[in-house]
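Every chain is named by a letter (A, B, C and D) in the order it is written, and numbering of its residues begins at 1.
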Amino acid sequence: MTVIVKFWSYFKDHTGCSESTLELPESASLGDAHSAVIERFPALAEMQNSTLKAVGVDYQPDEFVLNEGDEISLFPPVQGG
Amino acid sequence: MTVIVKFWSYFKDHTGCSESTLELPESASLGDAHSAVIERFPALAEMQNSTLKAVGVDYQPDEFVLNEGDEISLFPPVQGG
Amino acid sequence: MKTQLTITPEPIDETALNAERELSDGMGAVVVFQGVVRAQEGTASISAIDYEAFDEMACHQFELIFEEIDRQWPVESVRLVHRVGVVPVNAPSLWVEIIAPHRAVAFAACQFLIDAMKQRVPIWKKPVGGASSTSSQKFST
Amino acid sequence: MKTQLTITPEPIDETALNAERELSDGMGAVVVFQGVVRAQEGTASISAIDYEAFDEMACHQFELIFEEIDRQWPVESVRLVHRVGVVPVNAPSLWVEIIAPHRAVAFAACQFLIDAMKQRVPIWKKPVGGASSTSSQKFST
């Protein structure tokens, strides 16, 4: 299945893009997607533990099972205010 | 010695005046003054324990020793805001 | 620490107060609190509150509180306006502004100031236009 | 509970926001917090902060926080404006207003909102015009 991955803040600088697509096996999890992203963009490995992950507009845990077409967002800790 | 006593808020309604003078023996305390006021205005007896006392613009304890001409203020709990 | 204290019978002019705000470039937090007269005071419906202040002592007590804030927190500015006389329902009787480098300091100092005021500053309230359940009973019999 | 949420590149218009304030006659407390851009960000001197938001998710996360406030406290109204894009030093990036019957509720809800925002709402900062001690060393050698 294909999912979309969006990068925010300085993650865009590390990947050189704001959006990418990922091919994943059926019933892959958000954690699987994160691993696949790090394989493609090794610069994100360093921030692996502090990376926040959302599907659509909601935060989700690594166990979250993805569906075809899901929009994943990966970003560093937020800093509003 | 003579001291001035000012009443504030509903204490004025209970005494019927906003200011009164008091004759006290030398080195009388603020507590002595309060007792003398209650003798003259018995309606204030009920509020004796919740009465706030100041000399000039500072709160003072009952032990505070008065001087000729001191301005005492007696009032109920404050309610600013 | 800059301080500005006003006890006044005039309505609180929020727009003018905001226009006069000054903050240096190290300041990150502005907290403004307004206390507003409510239509219920205890069990009574009221139309206003008549505030009485012992002005001289109130100013002195506010200054003491400001000094405590200055000792406890790195606050740049405190401004406070307390209205006296008749303040109608829905109008502010109190306006307080704290400017500080950080949010936590601004909130802590603002709450400390209001708490201390309510314990020490000689200002009193008298409800106006009240129809308490007790007094309306007087008219219903 | 009434809510109003604005994420905008426009400067925050405090006068207009104050003019639009509505409070019912049971409300006794208005707390307004403004977060202002400071000239120092860590060790760097900056001239502005460039805020980036994931708008759709930021709005959703703010709404979730508003719902939590509504469940926890009797707040009548929450209004929040977060500016995005380049916000110069000394200008507010955040304006929050809480209207509640009582002071304690207004302060608690306001602080909860800001704390929750800083944990969950996807907005990020990038310093602008920074001369950090590191980068200035580059030019001094």
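Simple rule for what comes next: a residue touches a chain if its C-beta (ideal position, glycine included) is under 8 Å from a C-beta of that chain, and two chains touch if they have at least 3 such contacts.
Just so it is clear, the model here is predicted, and its values are computed rather than measured.
Visitor: Shortest hop count from subunit B to subunit D along touching chains?
Guide: Step count on the best path from subunit B to subunit D: 2.
Visitor: Just the number, please: Cα centre separation of subunit A and subunit D in whole Å.
Guide: Spacing between the chain centres: roughly 26 Å.
Visitor: When the centre of a chain is set as the mean of its C-alpha atoms, what distance in Å lies between subunit A and subunit B?
Guide: Computed value for the inter-centroid distance: 72 Å.
Visitor: Using CA atom averages as chain centres, what separation in Å is found between subunit C and subunit D?
Guide: One centre to the other, that is 24 Å.
Visitor: Going by the touch rule set out above, which residues of subunit D reach two or more other chains?
Guide: 35, 103, 114
Visitor: Subunit A: which residues touch two or more other chains?
Guide: Subunit A, residues with two or more chain partners: 81.
Visitor: Can you name every chain pair that touches?
Guide: A-D, B-C, C-D
Visitor: Touching residues of subunit C toward subunit B in the complex: what are they?
Guide: 35, 51-54, 56-61, 82, 93-94, 114, 117-126
Visitor: Mind listing the subunit C positions that touch subunit D in their complex?
Guide: 14-15, 18, 23, 25-40, 89-90, 92, 101, 103, 106-107, 110-111, 114
Visitor: What does subunit A use to touch subunit D in their complex?
Guide: Touch residues, subunit A against subunit D: 6, 8-10, 52, 54, 56-59, 73, 75-76, 78-81.
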